[in-house]
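Below is one structure, written out as structure tokens, with a few remarks after it.
Chain naming follows the written order as A, B, C, D, E and F, and within any one chain the residues start at number 1.
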Amino acid sequence: MKLGLLTAAFGELSLDEVAAWAAGNGYEMLEVACWPSGAGEKRRYAGVTHIDVDALDADAVRATLERHGVSISSLAYYPNNLHPDDAHREEVNAHLRKVIDAAEVLGVGIVGTFVGNDKDRPLPENLDRFRRIWPPLVSYAGERGVKIAIENCPMIFSYDEWPGGNNLAWSPAIWDEMFTAIPDENFGLNLDPSHLVWLMIDYERAVYDYGDRIFHAHAKDLEVRRDGLYRHGTLSGGIGWQVPRIPGLGDVDWSRFVAALYAVGYDHVLSVEHEDRRFEGAPELVERGFVIARETLRPLIA
Amino acid sequence: MKLGLLTAAFGELSLDEVAAWAAGNGYEMLEVACWPSGAGEKRRYAGVTHIDVDALDADAVRATLERHGVSISSLAYYPNNLHPDDAHREEVNAHLRKVIDAAEVLGVGIVGTFVGNDKDRPLPENLDRFRRIWPPLVSYAGERGVKIAIENCPMIFSYDEWPGGNNLAWSPAIWDEMFTAIPDENFGLNLDPSHLVWLMIDYERAVYDYGDRIFHAHAKDLEVRRDGLYRHGTLSGGIGWQVPRIPGLGDVDWSRFVAALYAVGYDHVLSVEHEDRRFEGAPELVERGFVIARETLRPLIA
Amino acid sequence: MKLGLLTAAFGELSLDEVAAWAAGNGYEMLEVACWPSGAGEKRRYAGVTHIDVDALDADAVRATLERHGVSISSLAYYPNNLHPDDAHREEVNAHLRKVIDAAEVLGVGIVGTFVGNDKDRPLPENLDRFRRIWPPLVSYAGERGVKIAIENCPMIFSYDEWPGGNNLAWSPAIWDEMFTAIPDENFGLNLDPSHLVWLMIDYERAVYDYGDRIFHAHAKDLEVRRDGLYRHGTLSGGIGWQVPRIPGLGDVDWSRFVAALYAVGYDHVLSVEHEDRRFEGAPELVERGFVIARETLRPLIA
Amino acid sequence: MKLGLLTAAFGELSLDEVAAWAAGNGYEMLEVACWPSGAGEKRRYAGVTHIDVDALDADAVRATLERHGVSISSLAYYPNNLHPDDAHREEVNAHLRKVIDAAEVLGVGIVGTFVGNDKDRPLPENLDRFRRIWPPLVSYAGERGVKIAIENCPMIFSYDEWPGGNNLAWSPAIWDEMFTAIPDENFGLNLDPSHLVWLMIDYERAVYDYGDRIFHAHAKDLEVRRDGLYRHGTLSGGIGWQVPRIPGLGDVDWSRFVAALYAVGYDHVLSVEHEDRRFEGAPELVERGFVIARETLRPLIA
Amino acid sequence: MKLGLLTAAFGELSLDEVAAWAAGNGYEMLEVACWPSGAGEKRRYAGVTHIDVDALDADAVRATLERHGVSISSLAYYPNNLHPDDAHREEVNAHLRKVIDAAEVLGVGIVGTFVGNDKDRPLPENLDRFRRIWPPLVSYAGERGVKIAIENCPMIFSYDEWPGGNNLAWSPAIWDEMFTAIPDENFGLNLDPSHLVWLMIDYERAVYDYGDRIFHAHAKDLEVRRDGLYRHGTLSGGIGWQVPRIPGLGDVDWSRFVAALYAVGYDHVLSVEHEDRRFEGAPELVERGFVIARETLRPLIA
Amino acid sequence: MKLGLLTAAFGELSLDEVAAWAAGNGYEMLEVACWPSGAGEKRRYAGVTHIDVDALDADAVRATLERHGVSISSLAYYPNNLHPDDAHREEVNAHLRKVIDAAEVLGVGIVGTFVGNDKDRPLPENLDRFRRIWPPLVSYAGERGVKIAIENCPMIFSYDEWPGGNNLAWSPAIWDEMFTAIPDENFGLNLDPSHLVWLMIDYERAVYDYGDRIFHAHAKDLEVRRDGLYRHGTLSGGIGWQVPRIPGLGDVDWSRFVAALYAVGYDHVLSVEHEDRRFEGAPELVERGFVIARETLRPLIA
């Protein structure tokens, strides 16, 4: 297994700078942010363009990475692929196809993304929309030898995303619906245990149950603030009590998670996703966060 | 403390019949269903009229209860008092006032109800609506010497009530907002620990924190189905994993709940609310449920 | 559900005496011991003949039970139906058939027994023997409208039964093999949670997983002596640390077990099996044990 | 085993009245308070004289008990037998001898008392004093066929008893010192699990380790108030977080405690000691407490 | 955050030698022992003088530290500032003032010390003495721009410090009294989670509750020996069951402690306090202890 | 303490190659496999000959180790020393004596081995055989200044070793029998916590109870697969649910184990035993396993 990081937290740096820092600090792979350049979303940790797939210079990308001795674990573009506004949705679907094209050109086997969601409709209706909209996207990737890895983040953090969040792919029951609708072998998960913590879904069991669908793994951590849970309860959708943390500072037992990954034969990357507000705001803080993450995870990876 | 029951589960029986069965089976108090007669809601456990407040015959009610040696712990009418449809809302608010009138006439100090909710709006907006609509209702009751006891049920069971449920009064953070907005001494809780179980809110701490606001207590139980929680996660709002059970067959530790009630000086009623689908459908089944509840709770009550 | 008891603990008493005591002490059903008379085994709690199926007087049995107002939950004969000595095995198989005949005549729908085992052969070999020997026994019962309820006791208590015990039917994995080999609808379990405690098999999950195969349920309890487990470990096969107890004095959480039984629709009998050495030796002691069991279980049964 | 109660909670009633209430409410034995009449201590639950051993009328006592069908489990006199004031100590020692005399005359085999303590001296010094003062007391009882049962209460509740409390017999390490110093067979424990709860001493293990020294058992319960423990910590000596409760309303798992008592062969009495402030102040409240205790313990006793 | 160590464990070494070892072994800060030279206490880990404040050569100290590239996290002087002997107390108070002076001169913002205690008086009396004696000490420091960080160690290890210990500042309830009496912004805590472990006070909650009062943090670990707790109970004040250990070998969950520190914005030092008897006696053993501590804590610090 | 490894996992490499890899990767000691050359057993992880004791060239061995700067923690030969076939048993006993001889010559104080077992006989019979066969082996070693360290592995993995396994030394109760029969000071344990995990024996307590008998310690880890335990239960002897893992990927809490070893004064070696099937098959995989083990254990060792 390799240790990697999602480049989105380094929004101010160029790919070259990110690769340099990563290589110099014990990271071996990059999950490269590929949002559209120029028109980035304003959402935290989104809208970052470390590879501009609209103007892809594959040789330059390869040269940059080789110079630093790191490789790409996947291309990352996490929009709302089921956005209720059709025009917006088609735009992000189109950009997703370009990211898939780039993955093919770069020889990167995996693109990570969200299924998306219309947050105001109940789950059954969104599943219907998923069944209509997603099959051609997965086929498009399959025809190009690219795997689609869906991250299991509900994308709900505040009343802005309430009630349903912007990505429906958050539970085993839903994954079953997804894989029944699209059984293609190139359709799977970018499994992030942190969301499962506050959803109170056993992430170790999830690894055993969905082992052959895990294409990529995120290392984000999360703390359930007990006093917040008492005050707000599970029905708040995590608002008031789920707090993203750097791996090592949260409730994920990384030993059990990684042990399960090895047990099911997963041997690709553990890619640190940095969303801890205590280590944001200045590059030095972001780097400190990645250092703690590396110290936590490195001993489990060989 | 006394053992009581909410009469709504005996929708087919008259008040006389309910009182007879209760008295003969170890129950000392009745929480009497007072929905409008004739036009009952279709919701399970609602729409029952054991006292018709539109045609109240207080002497007959008193005679019936005295004949069986039971008394009334509260009048029960649980509609959506913040229904988004104003006409409907005013109708149920009006009926609530009649129930309050009846409580005054009957010398029953407490009316139990829901705050209500517009399930499609986020919590902050509903709290605003609460602050507008509820103060006159509480004042109305206060002027008549009647306490309003709000049950802490989120009223979400399926996608019909998704996403916000039909009663916003489900967490300590929300209770704080409610009691800040309406500090009147006659405004409090009909505390039901079963909802707190799946909300993962510590019900024992809640008793200690809100002791002086607990006017009435429900004894409903609830089981968290572990496999369902794994498959659906907390974000489903309990759908797929929270199952109402008869007290004694669920996850509530009644010893701790009742011990806490005694500790804060609560000494009114523990009123069994029967919503276990395994003990429904025939009067004999409903009675079996109440018998198990009695056997569970009776030892703790003196 | 009804509360019952296995009559074997009252080896000194007649059926009439057992029925009288049971009826007078809150028990509604009897699981009647039907070992061959005259030639009873010497094993503790076996070899008791409360109904002699070799000389069945069905009218007398019925009259006795009606006189005391109790009924039969099942006929009980628990020998080693896979005994390695063929002659002995055929003898006990033959007696089992007579018990089945008696069940048909008496209108009792269930016979409880053991699958048996050759304790010195490994499990796979015993499963082969099971597949050869058991199908005709189940068919024989099926043709007579009688269900076979296999108790899940490993029958290992000391080095006399070491290593494999005298009944192979002790785990979900083995039950799957059994029900795959014999899918007949009249073949199921007499589920006893106490053995699952020391086998560290989740009995609540077992009820949910095998709900439609549970024909009868035993209420025996068991205590894991922690110091004994430390000294001997799981590999001792429970020797030195598993101690049968009266229900209420052991580690079974009866509330969870019975709640699960109700949840899967089981509504027949909870039959107390008394094997607590602290309440043996004198009829008065045996009765004390059954009284504690009744006080423990009665509140959960209605 | 029998269910009993310590009469001290009924300080206002006569022995006849206590016996009447006990017999009418499911209690079979009395642990009779024998403080000196007239000069009772002012301490809560002490200073009660239900049998006046200075003016013992044994026939009258026997007649009273027989009339109500209850018997005496032990005579109770719990002073500070190691009081630092020698004159006071000799006075209470002398009265203890009279209680022993009374036990002999009444044919009651057990006297329950405290070892006592000089709260201001460290444990080793108090153990020295114990070794000097106690042997003749135990011998005196032994010569009269009476067992001395020491209750394991530290007698610390407030700064009045700080730091060492008024009874040193509170831990297994101390019991070992005591039984080493006085190995007499008539010297043992009146084991009360409630104190062990806040001392965080495993009461179940204590029963197994000291089984042959348990002459009498108290049923008092206790709740560790979690918020109080957070605020004050173990070093406060329980002040601020240990709260006596009625059996059934506290943290003792009575099933495990009683199961262990049966396992070691203890079969005398479970004597309810009532010190729950929520059920004091009026006889009706005291009685309610004893009713809850009975409902909790009765099912475990036969 | 930085990793530091309290120099007191290196009593045989000079400041230069300690700084050299620390810098060469991954430690970045020193909490420098400043007991009076020549007349050190005999207590373990006290009486060490790495900076002699009676003969302060600030330039030499600065040069030494700069040479090794380490800095000072605080000056350390932990006497009994509420000693019952007034002369002794005034002497240590006076030396504390000198340490404060030295901190000002050296530009070190923090002095760590104990509140002290008269171990033989109850807490309320000691709080009164605190309210009289401490305000001028805190003001003295405040006027010099120095923070006083009180360590939360009860200073009770044996009967020599029994019953009250030599430092009253051991619980949240007491901290509240302290900060109410002295609300000055330069008065806070040197928080050590190890003592909270045996006091059974939730150290994670303590960090959240007292975040703005945490000026310095100790990394000492502690093991609760379970058999010792069984034998002695909480009332022994930890004697017989609390064992100081090197961080990583005890019961503190350092991930949770450090995560909470980051969450409340604490970002100064984690200073290893070495009191593990298994790693004492020879410099080589002390160093091994600090190496294990560094390996445990380093991954969490960036 | 030192970090070491058992060389058997490197069956393809020479002692020189193993020493080189170990020294280059943070390992300081070797537990050297000494099975008979040429006729190795076929069992996994056995039959390896890194020192050929039949043709011992002590100088060459010493030179090899010195060249790489590693030393020998013990010689390893783990056959069935109580094999039921006498000829085979005498052969392995004879080879064990040769390994002891080699240990003496090489100045290695410890030989690690199994007691052995006749898997088809019950424990009491095997203990009898142990008492006959083992005393001369221990004396032989004692006369040569060599300690015998028995590993506590039950040697049961499949039905091939069912029911009793090939090494009886697996529980504290058995160790007591062994050390009673052979109290010689050179007879002790090579304690491996991994087996205690699935035997559900508290390994931390075992270290405290048998501290003076621990001559050597293995670092193997083990995972209890929860679903497997549910399906097969403890009586399967671990088959179906116990899975050997690399230290750091299993259920052993290494911090508690190593802390207990330090506490009892053990300060020799923690020797990694590599039996994780996920890290086998290619040298590169075996090395990755040892790297993860080192990263897990190294921080605890100094």
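Convention: a contact is a pair of C-beta atoms (placed from the backbone, for glycine too) under 8 Å apart; a residue touches a chain by one contact, two chains touch by 3 or more.
Owing to the predicted nature of the structure, the values given are computational and were not obtained by experimental measurement.
Trainee: Given the two chain pairs C-F and B-D, which is bridged by the higher number of C-beta pairs in contact?
Mentor: C-F is joined by more C-beta pairs in contact.
Trainee: Can you work out the rotation angle that lays chain B over chain F using Cα coordinates, in steps of 5 degrees?
Mentor: An angle of 180 degrees brings one copy onto the other.
Trainee: Name the chain whose C-alpha centroid is most distant from the C-alpha centroid of chain E.
Mentor: Result for the farthest chain: C.
Trainee: Let me have the rounded angstrom distance from the C-alpha centre of chain A over to the C-alpha centre of chain B, please.
Mentor: Computed value for the inter-centroid distance: 43 Å.
Trainee: Would you give the residues of chain C that are in contact with at least 2 other chains, written as numbers and ranges?
Mentor: 205
Trainee: Would you identify the shape of the chain contact graph, picking one of line, ring, star, complete or other?
Mentor: The chain contacts form none of line, ring, star or complete graph.
Trainee: Go through the chains and record each pair that touches.
Mentor: Touch list across chains, by label: A-B, A-E, A-F, B-C, B-D, C-D, C-F, D-E, E-F.
Trainee: For chain F, which residues count as touching chain C in their complex?
Mentor: Counting only chain F, the residues touching chain C are 120, 122-124, 154, 156, 159, 162-165, 170-173, 196, 198-202, 205, 229-238, 240.
Trainee: In the complex, go through chain B and note every residue touching chain C.
Mentor: My answer: residues 223, 227, 243, 245, 248-250, 278-279, 287-289, 291-292, 295-296.
Trainee: Applying the document's contact rule, which stretches of chain C touch chain B when the two form their complex?
Mentor: 205, 208, 255, 258-259, 262-263, 265, 298-302
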